[in-house]
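Both of the next two complexes hold subunit A, though its partner changes from subunit B to subunit C.
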Partner chain A sequence: MEEKEIFEKVKDAIVDALGVDDDEVKAESSLFDDLGAESLDLLDIVFRLEKTFGIKIPRGAIQLDILAAEGVKESDVLVDGAVTELGAKLLREHMSEVKPEKIKAGFRLDDIPTLFTVQTFVKMVKAQLAAK
Partner chain B sequence: MKLKDRVAIVTGAARGIGRAICLALAEEGAIIVGVDVVASEKSEALVSEIKAMGGTAEAYQADVRDFEAIEKMAQHVIAKYNRLDILVNNAGVNRDALILMMTPEQWREVIEINLYGAFHCTKAVAQQMMFQKSGRIINISSIAGQTPGRGHANYAASKGAVNAFTRAAAVELAPKKVTVNAVAPGVIETEMSAEVMRRAKDLVMEHIPLKRLGRAEDVARMVAYLASDDAAYITGQIFNVDGGFRG
Partner chain C sequence: MRVGTDITEVGRIRELMNRHPEFRARVFTAQEIDYCESKRRPFEHYAARFSVKESVMKALGRGWLQGLEWTDIEVARRASGEPSIAAGGSLQAAMQQLGISRFVVSLSHCSTHATAVVIAL
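And now, the complex of A and B:
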């Protein structure tokens, strides 16, 4: 599936879940800051995407990816739930769609959903479709 | 008809309050899926009665303690009717005993059916209601959750927890326009209360200002109201239907 097609379907899911206007949803829109989502809305969107694309998006997928990065130990990237300098670097690379200044050492891994943009979901769907 | 073509799941449907709830919702036009732990003639009789009223109903066998079975039931309902509007968590049991005599099994069974059951069913329907941006979840609690008497610590604990669960679920699901309320019956004429009444009818009556036992229909009418659009702005509340019971 082409990325453009994935984006359109992701956009539909977000419009349905949040009740926002079609033209408000851009690839770079932040779910929380720009589109006014709450935590339950993210689940709503994930459920809709799973249904639309026939995929399963693992909960906490990004956290898991960071912790499983090659050649690093968990203690190198994470201390008491917050990312280290190295963890922040890996997270910035992994979430290249997010403004880099939003991810600094000390950022809490549990707060990753607050970084989500529309493009984050597009990437998640792409990864799961590729793994299928 | 205030619930025309709304799809309702009612657990513990075959008897007592559950049966009256099914009939009250069906009278308002709802499609009824009555869930019971065993398939019985009573479940079939209820389905026939609703069909004779010109309504739509089916009996489904599942144990509310078994989350996988409940999830399967919810999926069946969604696949068949393409929507899911109302859940009434009514399935419940009592296993009365003084705490000193109560076995851990008696405690566990009551908590598992009354409390885990409500959680399992709520979780199983929440996604569909979230997609629809509408839904009504109504938990059948008991005044025992607020003013427990002797000999049913397990039941009182389960219903007190159901009240807290009601308030918590209401807060969580409100952004998706799903309301969650509880109805707390007092002493209602059912098979479940028959034993208590046999032992202590006069004592019970002293506590009921309206001087009669409740009827299952009294509870059912409150449930039908909470399930309707008229109750759209009500969530996280516990409604006593108890004749003014004073403990």
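And now, the complex of A and C:
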């Protein structure tokens, strides 16, 4: 499936879940800051995407991805729930759709969903479709 | 010691559970479902349990997108009626990693909202 088609379907899911206008949803739109999502909305969007694309978005998707770099241990990238300098660097690389200045050492792992943009979901779906 | 708190709209939980039938089993354990379904207003109880789960995640600083399974955070009840947490695999692993041995839980709900406070010790 082409990325453009994935984007359109992700956009539809977000429009329906959040009740926002079609033209408000752009690849770079932040789910929380721009589109007003709350944590329950993310679950709603994930369930919709799983249904639409016939995939399952795995638990730990983000953490596993930043730890996937060779030779990286969890203690190298995370201390007391916050990312280290190395963790921030890997997270910036992994979430290249997010403005890099938003991810600094000390950023809390459980705040990652606040970084999500529409493109984050496009990438998640694309990765799961490729793994199918 | 770590603290987490959360507030959940009962209507949103009802809407999500009606829209996504899989929500119930992905988020709640069989014991939690039995408990909530035995109540006259089950969605208030589901919302309260959802708030507890979110509070545990906030207290630990990691959530369902960072490896914690919703169903590994089970809201149980002591004989006294006090709510407690029964920890499944992914929660036990996080507790061990963070040096947490137990949780103290308080929850409350009305027809519109449910709220919880969790202290991790």
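As a working rule, the second predicted complex is superposed on the first by the 131 of 132 C-alpha atoms of A that agree within 3 Å, B and C clash if a C-alpha of one lies under 4 Å from a C-alpha of the other, contacts with A are read in each partner's own complex, and residues count from 1 in each chain.
In this text, contacts are C-beta pairs under 8 Å (C-beta built on N, C-alpha and C of every residue); 3 or more make two chains touch, one makes a residue touch a chain.
Predicted, not measured: the structure shown is a model, and the values here were computed from it.
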Notebook entry, point to check: When the two structures are superposed on subunit A, do subunit B and subunit C clash or fit side by side?
Noted result: clash
Check: Just subunit B (first), just subunit C (second), both, or neither: which does A:D44 touch?
Finding: both
Item checked: In the superposition, subunit B vs subunit C on subunit A residues touched -> C
Notebook entry, point to check: What is the contact status of A:P113 with respect to subunit B (first) and subunit C (second): first, second, both, or neither?
Noted result: second
Note to self: According to the stated criteria, A:D80 is in contact with first (subunit B), second (subunit C), both, or neither; which is it?
What the structure shows: second
Item checked: Residue range of subunit B overlapping subunit C upon superposition on chain A, of 37-45, 55-63, 127-135 or 217-225 -> 127-135
Check: subunit A residues touched by both subunit B and subunit C?
Finding: 40, 43-44, 47-48
Checklist line | Residue ranges of subunit A in contact with subunit C within the complex | finding: 39-40, 42-44, 47-48, 51, 59-64, 80-82, 108-110, 112-113
Margin query: Applying the document's contact rule, which stretches of subunit A touch subunit B when the two form their complex?
Written below: 16, 19, 38, 40-41, 43-44, 47-48
Check: subunit A touches which residues of subunit C in the complex?
Finding: 8-9, 12-13, 16, 19-20, 22-23, 27, 50, 54, 57-58, 60-69, 90, 98
Check: Can you list the residues on subunit B that touch subunit A in the complex?
Finding: 127, 130-131, 133, 172-173, 175-176
